[in-house]
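Letters A, B, C, D and E mark the chains as written, and numbering starts fresh at 1 in each.
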Amino acid sequence: MTVLELDEINTYYGNSHVLHDVSLELAEGEVVALLGRNGAGKTTTMRSIMGVTPPRDGTVRFDGADLDGLSPDERNELGVNLVPEDRRVFPTLTVQENLTLAHKLADDPRPVEEMYELFPVLDPLRSNQGQNMSGGEQQMLAVARALIQRPKVLLLDEPTEGLAPVIVDDLREMLHDVVSEDVTVLLSEQNVNFAFDLATRGYIIDTGEIVYEGTIEELQQRDDLLERYLAVSPEEIA
Amino acid sequence: MVLQTDGLTRQFGQLTAVDGVSLEIDDEEVTSIIGPNGAGKTTFYNLLTGVLEPTSGAIRLRSDGELREITDDPPHEVARRGLSRSYQITNVFEGLTVRENLRVARIAREGRTLDFRSRAGSNEAANEQIDWLLELTNLAEYADTECDELSHGEKRKVEIALALAIEPTVFLLDEPTAGMNPTETRKIVSLIHRLNDEIDATFVVTEHDMDVVTDISDRIVVLADGAVLAEGEPAEVLADERVTEAYLGSEAL
Amino acid sequence: MSTHDDSVTSRIGEFTRDAVRNGWTRERCVVLLSLGLLLFGVVAPSFQIYLFTEFLIIALFALAFNLLYGYTGLLSFGHAMFLAGGSYGLAIFLQESEPYVSNVVGAGPAPLVSWVLGAVFAVSLVIAMAVPIGWLSVRLEEIYFALITLAFGMLVYSVIIQNPQGLTAGSDGINVLLGVTEIGGAEFRLGDRQIYYYLTLGIVGASTYGIWRIVNSPFGTICKSIRESPERAAALGVDVRFHRWMTFIVSAAFVGIAGVLIAGLSNVASPYHAHWSESATAVVATVIGGATYFAGPIIGAFVYLYARWGISRYPALEAHWEFFMGVLIILVVLYFKVGAAGGLYMLRTWLLDVQAAYRRGGANAAVGFVRESATNKLRRDSDASESDTGGVER
Amino acid sequence: MISTLSFVSVSDLVIGLSLGSRLFLIAVGLSLIFGVLGVLNFAHGALYMIGAYLALAFTTQVIDNFWIGVVAGAIGVGVIGVLIEVGTIRPLYDRVEADLDQLIVTFGFVLVIHEVVRFVWGSQPYSTPAPDALAFSVSVSGSTFSAYRLFVIVAALVVMAALWLFIRRTYFGALVRGTSSDREMASMLGVDVPRLYTGVFFLGSFLAGLGGALSAPLQSTSPALGEQVIIDAFIIVVIGGLGSMFGAFVGAMFVGLMQAIGPSFIAAGHIAIPFLAMVLVLLVRPEGLFGGLGE
Amino acid sequence: LGGGDDTISLGALYIFSGFGSLYGEEAERGYELAVEEINNDGGIDGQDVEIISRDTEGDPNAGIRQMTSLIEEENVDGLFGLDSSSVAQSIAPQVQEYQMPLMATHAATPFLTSPEGEHDNSVGNEWVFRNSNSLSHDMYGAAQVAATLELDEWATIGPDYAFGYETWDYFQAYCEGIGVDTAFTEEQFPALEESDYSPYISSILDAEPDGVITPLWGSDLTTFLGQAEQSGWFDEIEYTLFSVGMGTDLPADGSPLPEGELASTRYDPFEPDTEENNEFRETYVEEYDTLPTYNAEGAYRAVYLYRNAIEEAGTNADEIRSTFEESEHTGPVGEYAFAPETNQATVPAIWGEVSYDDEYESNVLDSLEVSDPSPEEMQQALEDAGSDLPTGV
């Protein structure tokens, strides 16, 4: 069943037209990768879904309902969560407050303590302010803050950026678990291997247009696409 | 030796973020500092550049041919003495165009910050330098775009260009390729190689991308819990059991 | 002027035709504007000259304020203290030393010489104030900077009110009268409406040019970088605090010049000039004009002063002028995203587009363009969020 | 002129606390709105003035009941605050220079409110009688005070306690600090930002109105009422720490006591004392005595 | 806009915004009443009179801009008004240059009618007139009152600006000059718009003076009164002299001055008991439902001064000026003239005991019998006190 559907959306920043007729579909419980080079429009797509930069035309549907006109918080209410690429942890709130705030705002949240189990690194930092954390710690907190709200659709914008390899391993596993709980994930990544490990289907976006759509297996075979749009050479695919 | 730290320590309350780090960075070397998240890498940079004051320990930098203590110097003086950095969390002049961003660096570099009289951008030599940097970092296309209109990866390149622009003796790059796509990453790697070869620049780089680390490093330092866990030739360090466990995980060779 | 009248008019005609044909280059605009300003002093009704002189002075005040705010990112809520510094500097100098000057240079040129010396003294006084006050204030940023400058401003205000050593005449203020100067048989009164207008025009013009050069100099570029990210600027080798301090002093010095001029215009140095509400004038003018544009504060000062004047001409409005000014301020802020200057800038771009359409396809094309852009605008306004930042000519 | 004092007399203390209490009622709303919106609300003093006028109107012009006047003043001003926020502050949130634009709008409202009040009530000062139940004097160690003055001190303490509980209970502090530091992220996590802001504006304005209404029997009510007081409130908020409720309390009491003691030490300079204190605090501890500590 | 040919236009400069706006409102009532009467009565030589009023904002800078606009844009035939002494002092030299008559109706500083050169601050000139009495009159009266009270110690509490300080200076000088044997002790000058006078009140009570003179006005006075009452002021201080306490504000207020205290005013609606005054008072009460204040009366009388002058001499500014100078005038305050050199109207200050009048729901004064001083006596008093202050009369 389709949970999230983008139908020919066009998004602008002021006068500059960034997304051109982008269409996507996410079925329940699947992990879909959104790949493309820097500036291709991945973040903009996610912001369009979340409603922070709503598309000027085209529709975003969630569970069949048109999201047009809904504010980000209303979309969050429906179960959409975005982990932004620049992390955006609340700088003056402590780790505990960041988590508790997200917890209190959700209808059916996970317990706060569960997050510390998922990310043991955060445990000793409970009373550290967001602004005083290392880059990787912030990244983990950002992911935890989204997960705690038990989202239906999770938009992950480059979640592995700045994470140590061991932590990337952990994250991979964790997302596996998360997906098994029927969470639908849209994942944007520069770390192609990470995306390939998790996703079942993928889209490639380039200069604001979807140029490819297919399963990951197919994509892994398409050296031409990988090279042209993702600039990875086949040997780099583990 | 261009840069030396001596028992450098920094505490935040109970936490010792950097714990007695003594390092010597040699001329023309590329040193990678790796370590788990929260190991203290960025804090170490903040200490070197004068943003944070060490709880104890000393920092010495070679400038004008001799090793000088810079432990208590404020950031701008450290920069003037030849230590330049890029930020892990992008920190560029958002409201300025890419070209203006670089111009700021050039003006600072040339010590013309109090020049009221000439026109900004009228200095031909500086302009050439800026154009060269734009080419080098693949930003020419965005030269006249304001940074707040760039995507994340594009801004990352401005971040590096800024660090390069002040022609330091030592470059401190904090996760330079984070958020860049593979082509760009490769370009940054070759850029580091090139500068290292051509102008004998010294680099200290932190990275979580192991391909980059193995490619560029002459030497690797592993930090864990603020202290040096291992140090030495890349192959040797990466083969270290402790390093695999604390940091590399499945990326281990 | 009279002998070249024909050629001047023909040249103005030439310019105008050129301007229409080739678009408005910056140089041409400046030349036309200067001519207009020079003519203004001759042809305008006397009161309009007065009002315009006041506008020029307030424009300089706001412009100097914006050097600190718009370019360096520091909002000062106490800049009026330097306005007062300038006007009291002049007033006190004239009061205390005019007789001595007269002894030295003779009674004829004394008023002019005293004024010049007084102006120099006043600006030096302002700089002497700005050095320590700035040194302390630039330790703080953002709202804290605004508040500490407010505090210093009010301290200066209360010092003036307390009449230290009988220097400031307390709440009454000091009358400033610019006497008749006589040099080589020629007699003129510096305070004469027209003479004072040209004097102000010259000084404000030169100061504006000076500020324009400063914001476009390497110094100005560094200011902008500090506005955007002080940490990054420091990491590149900029001594941020020192640079802010210097900008503070430069800005104060220009405000001091405005203070000297305002004292001569209204013939009084009054404590009112130091009050925070006077600082607010610069802030309001800058905001309604558009802080991101160099000319923003000038346009804002114009709107502010002429709106006030316009209201005063209608007794029904004058009786409740604060209400109308308040509504005006609210509306301008609400409906002009980047201030009135931004509005003008967009209008200009739009007119040029219309012109281009006209040139491409005649009147029909132009009308078509107008219609299209109107519908586009309506559509864009209905978009929920749009991060159009404007700010073209920082 | 220095008079010999046995440090601080009881009467100075009572006067200082009562001064501080009224200042607190104004400053706390100002601080609250600043903490959330990042806007120094210049119209806060004008809102306080409306509160005083509404109390006056209910006490002497409409129904002769001071307490109803207080309630009406607080709620009425709260509603006016909501109208201002929804109509003119909210459209500016997404501006580049939102803070300053909003500040200027509130400045515009100072002028507008001022004229509207003058239109309705004229410029002449009014005095509001204290409620009958409190219209008697109390003698404290030789000095005479009205019972109402003491009541205001109690009222301020009650407000402080109520706010404290409210903030603790609702996780309001974190919500507010998080939202004010990153509005977009907060909305992505489910914060209805406009509603939160309107709510905060209501609360802040409500407190201003309450302060004005409660102060009415202590001073004359005239259109210029809020002008001086807003500057005092700024000082307090800075000394206490912007956005800190407890700071506002301590700052208000501090300034109140200083104003009470000041005149006995220095013949003039009452304007200067609070400003000097503010400069000192800013230089030594820029975030204010209780700023940056969280709530 | 502007004064056309068929109307006589006069420019009114008052404070209409901010703290002092009550003055503008009161003055407006006064001059509007005058205009209505005059125009109903056929105008001035058949021409309607029109008042163009402008707000000085109490700011010299704004005041001068408004004055310039009135003269140059509106072509007024004369100016009147001015509440703030600092505005008046900066405008005075200007009207001389414009050769434009100015009838000050309120601003009370003696320096306004002290010929330029007499004292550092003097700004008087032949174009500036004042039809109300000045602070100097008021304080001479206060000194006379003090002489009859024979108290040992006097203190003051006044607003922190020139008016507050000048009041205290003149009071001391005149007391010394006419030989009042007393000491001057505590002085307190709280800021304008002070919201709580308690600290100042307690400072004064601590000093235990027998009498206090206070020139507080407007909402400051109202605030002060409430707080003084609550601190037991009126039990402890024998006499409080409210200089111009019967000012603009009190008649309209619910908290009048305590009965039995002493106060002064620039105009008393019941004194002199002439037909002119009674008629003015009754018309005014009918129109505005409150007793006229001195600011209303001053503005009212200024319009009549212009009417009389223009009917006699036409709209030539110089002629108007000399008519002011030469004639005897009459108005609600009684008969008066403008003293030569100073152009100060010979209207004495009125001191009296405060009582409450049920009919008008307002405070009224029961005048004290004090003699009208001549300018020479006042001059003598200041000289005897060794003061360099000008009398301004």
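What we mean here is this: contacts are C-beta pairs under 8 Å (C-beta built on N, C-alpha and C of every residue); 3 or more make two chains touch, one makes a residue touch a chain.
It should be emphasised that the depicted structure is a prediction, and the values quoted were computed from it without experimental measurement.
Using the contact threshold fixed earlier, the set of chains in contact with both chain B and chain D is A, C. Distance between Cα centroids is largest for the pairing of chain A with E. At the far end from chain B, in terms of centres built from Cα atoms, lies E. A straight line joining the Cα centres of chain A and chain C is 49 Å long. Once the centre of each chain is set as its mean CA position, chain A and chain D turn out to be 44 Å apart. Centre to centre, using the average C-alpha position, chain C and chain D are separated by 34 Å.
Centroids of chain A and chain E (each the mean of its C-alpha atoms) stand 75 Å apart. For chain D, residues that reach two or more other chains under the stated contact definition are 114, 118, 268, 271.
Along chain A, residues 13, 52, 71 each make contact with two or more other chains.
Multi-chain contact residues, meaning those touching two or more other chains, occur in chain C at positions 161, 322, 385-387, 389, 391.
Of all residues in chain A, those touching chain D in their complex are 50, 52, 71-74, 76-77, 81-82, 84, 88, 90-93, 97-98, 100-102, 104-106, 145, 149. In the complex of the two chains, the chain C residues touching chain B come out as 213-214, 216-222, 224-225, 227-229, 231-240, 243, 246, 250, 389, 391, 394. Looking at the complex, you find that chain E touches chain C at residues 1, 16-17, 52-55, 58-61, 64-66, 68-69, 72-73, 85-86, 89-90, 93-94, 109, 121, 123, 160-162, 165. On chain D, the positions that touch chain C within their shared complex are 34, 38, 40, 88, 91-92, 94-97, 99-101, 103-105, 107-112, 114-116, 118-119, 231, 234-235, 238, 242, 268-269, 271-272, 275-276, 278-279, 282-283, 286-287. Those residues of chain D whose C-beta lies close enough to touch chain E in the complex are 1, 3, 11-12, 15-16, 18-19, 22, 60, 114, 118, 122-127, 129, 137, 143-146, 149, 215, 217-225, 227-229, 259-264, 267-268, 270-271.
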